[in-house]
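Let me give you the structure first, and then I'll get to my questions.
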């Protein structure tokens, strides 16, 4: 498709433009914070999209890896005296390692069985983070040392807006590169037919495993970002509800679409902020919006809107 | 040395024997067909040959090498490709991308290079796309390359599967009912394709219900019935085999038998 | 109109409504803005909901009476659902968008600790309504709290146990933040009272049956009492299971169940259960000379009249927080956050629902153990345990 | 500890596990019925349990006798179930399974959101049906209400079984579950079957909620955890197999109780999920799930 190249570059261009231009209309640090939270969630969603959107493998425990990354930067500097940025890498390596170890048996499961397998795995991670209070501070959470680069403390919404924005663009670039490569085509192929993919010479198990590892690393780095940004973290970040939220971001935005993952993250992060004016109707409205969006745009927002535009153009 | 051989292959599902001690051998460069009534075990045999099922007993030899129970992607690496009776199209991808997937083994697949998009990845993508377009031209789908795979008509999807299988540059191609659901014109086109594929040096094994088609193209024919080998030989031999006639007459009436003889 | 288009329309309309509402909320700038982020929904909603109601009730009341320093109070409350990440975002919003001068609330410890650095940086005084001692120990310049700490609850319970000569106990704690934190604090101070923990069990916040854990505790040889740090429905189920298993040694609950609904939910099984709680629960039984009596009786009447629900100490924490802040504003004579902070720290002799508050630069809680009363449930109601044995 | 005490302890854990497990089993059964009819994994299943309990509480608080209130609650839950199918699932017909899951999650958030407005955010109880005096059996105690829960679960299973095996409608449901296209070809109204399945599921959930509220109490947000556990139980037993769902639910309850009693109460949920993972690694389609043969 002529579009492949332009689609990849267009997506990147849109993202870069968004990150660069949004601050021009931000009246206060609060907006920077919300936007930074969007970029951070979007990073995890873009990673999960590699697993779910490309390869079609559901993970209902992905927040577990988010939690590993978050607690790596909480525990590493406080207990082991390591620099925060090293802990980001260690957390990512640990998440990738765990994903690699548990991925083989778990990814043998299919469909809803895969869902419950990953869900169980995520619950276990959250349980450990809640229970091992000596290390993690327990359910009340633990504070996280600020990120320091060359003795400069990095904190505050503006700094984190740019950091998370840059990391997201970088992560999206990697994901888009992957999409348009033999491995990416292999993942998208096995999504539709594992047997046909295998007979095309694709090592299905290995590709699924790498997608799982990549998605885990994305989630872990996003978790580290959030922990460093907030300076405080609780085990809820690794919990079932957060896993569901990440999945919902990918599906709402549109499975397989990098831009969709960002849009899904933006929607689910900003909605609770926007819905505060409805006070006690907030929850009901949130549920209603999710339902309506999925019923009317079942491909997800970005692919759905793209298709509508294409249809109205023709 | 034969391109493909089965030795006493058998498989059972929950006590029901689907394939029962079947042996045969395919000479390189031949078109070898497997026929038989529904439930004779044709597709099961295909699934064993392509590594989807592991046979309960017996061996499969690919170019003389024992490949029994090898995973499908390893068989692909050894030069085996196949199409599917129940189409296995990658519907989320475009037509040309479907064929590009088939080039997987012919591509450099370094994950890090792909992620960071080394220049070689872009070059290779272009080369793969070019090759895929050639194959689409070969099966007559050149003008549909950029369409969504799902938008192709049924006959087009069958040809797309053939193009994808050829992208692997196989030595042996298994075609599972390539003409199923095709009208006579489309069937003729498929027949032409099969002949050209063999001419390019690829051995073809096919399962097909269209007897005229089978009789026209096959060098040798294997007849299965109830999971067992009923007969094997050239089209003429099979056509005259009294057991084959009996099987078709006995169970499926004179019409099928007549068709087999015509 | 096509179906997908309708979906997009709905979303657009929703977004537009919100933007409008945000604009309106910025318009009334002349008032004194008090902010809050409470767990009005979520697992801690039974704490957050009465806090929310109390703040609304009294802010309306004060405004009806003419406000503070001649200005109206304006309340900005967000619902963080108990999620610390959300709470922190709302904290930023309160500071940057709503420009509040003081914040009351933070229902849970997690939310409070997540928000505290924001208010510290912005130099906005913050009076938390959450339990854990970590909130005020070590002291943060701008952070205060009104509820008794979980450590104090442990000490009060152990004091009572010691007085009754009970030294071998079992503990069954919730694994939620409240239960877990109080469990840790209790283990820290239990040695000071010569009490040993024979069995130490826990349960999930939403578990529906605790008989296995209680069976293990029951089987501990020499058991003399059981302590149950926890909040929500868990302690009610523990109490019922306790009765079901026929355990006869005294059961102690925590201040986390200090609302009438605990007695309702646990039913007859709650008879003879003891717990440390604020005077509010026994407002009408306080002797007439008790300085707290007028305050707690008035709050109880007002709350129950306005909401039709029985009063809980959780709403009381919000009452205390709000009035500590309002008195500080009155004393400061200005709505300048730094001046308000200084005055909050100078709070002395403030009579609240939780006790008599005397703050200082080294004590941002200002309550001592005497603020807690040991209560016992008799005939389905709270009674004060007066004389220690 | 002597033999009697060990035995009493074991029985006590078993009673606990069976009571909790019976609820999980009913939720899992609800999952299974909807899944069989429509391939939808309904994460709003827990909300039916919540509705059963909360509506009964609210209606009986208004002075309606308990049995009537319970009946009303079941009817209301069935109405919500039917509405869920007609208004949310059916319009999304043909969407991918994950999309349908997200829709049911949206529905559960919505139902919870409405419930907390209509009711409140407090915990509530219902009186036990037969008093609170526990029975003692070999030193272990069991509440009469636990027997109600187990008996109720058993009765539901028996009634369902009879419905599926003995009635034309039930057989139509089974036929539609086995092969939707074939069922439609022989004249079965599969749309009606799906709606019916949502209704039945909702009714089962609501009954479970009513039976268990006297023991476990209820509030607007008890549904999430129950959905999670019921789903786990259903998958453990093998999705799509009603017997498996019941077995999986009971087993999950028992493992939690024995895990909490004998191993660690902190990690009891972990123990349960480790067991599920181990079972799935050995048998990737649950205990009683159908072994699938790849068909191409």
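When the chains are written out, they are named A, B, C and D in that same order, and each has its own residue count from 1.
The definition used in the following text is that a contact is a pair of C-beta atoms (placed from the backbone, for glycine too) under 8 Å apart; a residue touches a chain by one contact, two chains touch by 3 or more.
Bear in mind the structure is a predicted one, so any value in this text is a computation, not a measurement.
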item: Pair joined by the larger number of C-beta contacts - A-D, C-D; value: A-D
item: Centre-most chain, if every chain is reduced to its averaged C-alpha atoms; value: A
item: Far-end chain from subunit D, centres as C-alpha averages; value: B
item: Whole-Å gap separating subunit B and subunit D, where each centre is the average of the chain's CA atoms; value: 47
item: Between subunit D and subunit A, distance of the C-alpha-averaged centres to the nearest whole Å; value: 31
item: CA centroid of subunit B to CA centroid of subunit C, Å; value: 71
item: Interchain centroid distance [CA atoms averaged], subunit C/subunit D, Å; value: 34
item: Two or more partner chains touched - positions in subunit A; value: 131, 195, 280, 282-283, 285, 289, 295
item: Residue numbers of subunit C (touch at least two other chains); value: 40-41, 175
item: Numbers and ranges of subunit D residues touching at least 2 other chains; value: 116, 266, 269, 294, 296
item: Subunit A - residues contacting subunit C, complex; value: 28-30, 33-34, 37, 130-131, 133, 138-141, 143, 157, 226, 230-234, 236-237, 272-277, 279-280, 282-283, 285, 289, 292-293, 295-297, 304-305, 308
item: Subunit A-facing residues of subunit C, complex; value: 2-8, 10-11, 14-15, 17-19, 21-22, 25, 40-41, 78-79, 83-86, 88-89, 92-93, 95-97, 109-110, 113-114, 117, 132, 134, 175-177, 180-181, 184
item: Partner subunit D, residues of subunit C touching it in the complex; value: 40-43, 45-46, 49, 175, 201-204, 206, 208-209, 211-213, 215-216, 219, 232-233, 236-237, 240, 243-246, 261, 264-265, 267-269, 309
item: Subunit A - residues contacting subunit D, complex; value: 52, 58, 105-106, 108-113, 115-117, 119-121, 123-124, 127-128, 131, 195, 240-241, 244, 247-248, 251-252, 255, 280-291, 294-295, 298
item: In the complex, subunit B residues that touch subunit A; value: 50-52, 71-73, 75-77, 80-82, 84, 88-94, 96-98, 100-105, 107-109, 111, 114-117, 121, 124-125, 128, 146, 164-165, 167-168
